[in-house]
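One structure coming up, written as structure tokens, with questions to follow.
Naming follows writing order (A, B and C), and every chain is counted from residue 1.
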Amino acid sequence: MNLQLIALAVFDGVAYAALVFMVAVGLTLIFGVLRILNVAHGSFYAIGAYVVASVGGAIFAAGWSPWLAFPLMLIAAAVVGIVLGGLIERLLLRRIYDKEEALQILVTFAVFMILEDVQRLVWGVQPYFEATALQSLGNIQVFGVYYTVYQLILLPLVALAVLAGLRLFLRHTLSGRLILAVTEDREAATAIGIDTDKIYLMTFMLGAALAAFGGALASATTSVLPGIGADMIVLSFAVAATAGLGQIEGAALAALLIGLGRSFAVYLMPELEVLIPYLIMLLVLLWRPEGLFGVTQTRKI
Amino acid sequence: MTFMSLVPRLAIPLLLIAVALLPFLAPWSKVMLTLALAKGLAVLGIVVLLHAGQVSFGHALFFAVAAYSAAFLGQAFGGGELVSMVLIGVASAVVVGLLVGLFVVRYRYIFFGMLNLAFSMIVFSVLEKFYHYTGGSDGLQVARPLVLGIEMERPAFESLLFYGGLVIAVIVAWAVHRYFDSPIGHMLKTIKTNETRLEYLGVSARRVLLVGYLVSAALCGLGGVLMAVAQGIVTPEYAWWIRSGELVFIAILGGAGSVSGAFVGALVYEVVRTYASAFAGDVWQMILGFFLLGIILYAPRGLIGVYGSFMGRIGSNTASGKEAKRRAMEAAE
Amino acid sequence: MTALLEAKGLEIHFGGVVAASDVNLQIHEGKNLAIIGPNGAGKTTFLNICTGYLKPSAGQVFFNGKGITRKSPREITRLGVARAFQIPQLFGEHTALENLLIAAAARERRWAPFTRLGQIPERAEMMHLLEMVNCVHVADRPVEELPEGQRKLIDIAVALALKPKLLFMDEPTSGVASSEKFAVLDIVAKALTESKVTSVFVEHDMGIVERFADEVAVWNRGEVLHRGMPDDILSHADVVRDVIGEEI
């Protein structure tokens, strides 16, 4: 493996990790606050991608500026998060917070099934490809390798900005601190009068928006077609579990670990590409059952 | 004893007879019912783990392992033989169950579910990527095997699969029922209610769960082999996580933790799926999704629970109403 | 006199809170030892260490002369140490009798898959145990439906079903109505004597301690401050100030 190949693998891995992180961090945030593993999370990713690819395709064909691709991504993410995320939390999740964990997962699984068909009905089964955003930023040469600016610079920067933004939001704003309080001790938070309903709604919308944003960003780099949501959800599960559920900074590191592992596998052992994320997760959990950054909890007896 | 109070007790035998007679009235239903039986057996495996409060989102793995073992066996011996396919298939599901189980029984709840998912994804991608051995995403053909050395025509073979499957399902359901009522079956249940106390009784909760896990792997394997020979083809999709989710879905649909619910749920699911995909091909997943939401939100005890309260309501005018309801519930368990 | 259980130099702390600091204690066979002390003194922590739920950062525990410090609750239970909990730890969906039968099946290692729990040979013995704790009339009710006082008794009965040599009880009368406390402990004490079990119990009610303890150990801030006969300890000035004073 020469230097160019190594560089290529690293770049691929980092770009990929940035996208996966966006989805996984939303998943882990929702889990931390609502204690629900949201299987429908992959659908938010897919719908975010579909919206940007289809709307973008239409407006660029009509001759609008390619630079509108970037605000479009933000708007699509916000709309998916607020409308779809808000509706699902309000109408469904709110009714199942006191149910068994298995039933909660199944409710989100049902939502996932429904949204899969919704996507098929709205967008059909033909792939969408809309790379205007990717092309508008051009290429760059690093270590003798040509790579897109979009994937090599923009995606990692956006991921870091999301990470930093989340940290700032959670530590230094009132809403963020309330979210943290609910994450750490739900009972105590309710006892001191925090409006958990509002926190749950806000968190779910934020998490859904992050997944949709991940999809929006990804739509410029890959074809959008049925099934991408299903693939992404298992992958982001793997990232979130490797990090330790509810760990935001950890998710960034785990995404990088899994992203790099995967991209090196593509060049070294292509058959193992799909396996690598799960192998990494299994090895990590074998060594640390609660994930890299998770904490063990002892029960009072 | 009034007639009404007898109905709950007779419900399961009556349903069995109805299912057994159906192919005479509608020959096309035989294959569909066989597939429902195959899924029902696998769902029973999920039910075993639900007793311990654990949900596996990767049990299609054992379904696939057994199905592929049967397919390999068939390819290696020019068609193969049914009984040995069943035995080898179940045995390989149990062996893989032991390897995976030793690892996952250390975890609970979400981690348990997700680790199972991870293992099934690994098997799924191996089946898909190692084309030379597994046929890749096209899968492997499973030719109609001999049965104890006898070659059978297709209609006779299909009848044998269905009625043989039915008999096996009844025996297996009874055995699982007895297992649940044995000390180690009750201990399995305590993993859900109080694992700390179980350890403080000097019992290894992991070992108790491992036994349950092996039972569930064997049941999924049995279902997988039946599915493979009934469909005549195995594909990596057998191990896909959506298939695992489907098994959990059916378990909840039928009535979480209920042995007969596993089969009732599988039957209803297979019928709904067949018709929904025939008449509403684009939205059958959506229909199932709404169906699942409806069950969880409005009938959390599943179809068996709905049936139980229905029988209770019918009988509530008579003195034996409560008794009928209790019996209906008991019969359902 | 040899010790049934001996703790040597136990240390443990949670963050800044010292829950055990050089704890040394011997528990003698056939005696009922009461552990008293203010909240947060480390009494439950001591029980947790002795039964393997927590690992001390230093020190050792011996049972019958055998080191059990690093063993799990399961291994320690199998050596003959049982525990009843401050919050009853029962199988909520099972009936009172089934809770005991599961304990008996665990003790006898009844793993055969086709025996029915309700028909194991220990059934009569378990009914007798339920009788001893006055719970026969609720034998067939799921324990999650029972009042706290009865759950407490069943929790102790489950521990006794294991036929332990040593029984730890964490506040056996908390959650029991004060008018019934004596009656409850009378039942327990009788059951203990009948089954010849050595016991260690954490207790806040000094009336109970006076009546049922053969010896008393006083805990404070993770240390054993005093140890002696109930009469001496309960009239000791420091104890009155630190422990009993706080209780009143």
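Observations, loosely collected:
What we mean here is this: a contact is a pair of C-beta atoms (placed from the backbone, for glycine too) under 8 Å apart; a residue touches a chain by one contact, two chains touch by 3 or more.
Just so we're clear, the structure is a prediction, and the values are computed from it rather than from any experiment.
Each chain's centre was taken as the mean of its CA atoms, and the one lying most distant from subunit A is C. Among the inter-chain contacts, the highest number of C-beta pairs connects A-B. Averaging Cα coordinates per chain and for the whole protein, the chain whose average falls nearest the overall one is B. The distance from the centre of subunit A to the centre of subunit B, each centre being the mean of the chain's C-alpha atoms, comes to 33 Å. Averaged C-alpha coordinates give centres for subunit B and subunit C that are 43 Å from one another. Centre-to-centre, using mean CA coordinates, subunit A is 49 Å away from subunit C. The multi-chain contact residues of subunit A, meaning those touching 2 or more other chains, are 301. Residue numbers of subunit B whose C-beta contacts span two or more other chains: 196.
Residue positions of subunit C touching 2 or more other chains: 89. Touching subunit B in their complex are the following residues of subunit A: 31, 37, 39, 92, 95-96, 99-103, 105-107, 109-114, 116-118, 120-121, 230, 234, 237-238, 241, 245, 271-272, 274-275, 278-279, 281-282, 285-286, 289, 299, 301. Across the interface of their complex, subunit B is touched by residues 51, 72-75, 77-78, 82-83, 89-94, 98, 101-103, 105-107, 110-118, 120, 158-159, 162 of subunit C. Those residues of subunit B whose C-beta lies close enough to touch subunit A in the complex are 50, 53, 55, 57, 103, 106-107, 109-111, 113-115, 117-119, 121-122, 125-126, 128-130, 196, 241-242, 245, 248-249, 252, 256, 282-286, 288-290, 292-293, 296-297, 300. Those residues of subunit B lying in contact with subunit C across their complex are 178-179, 181-187, 189-190, 192-194, 196-204.
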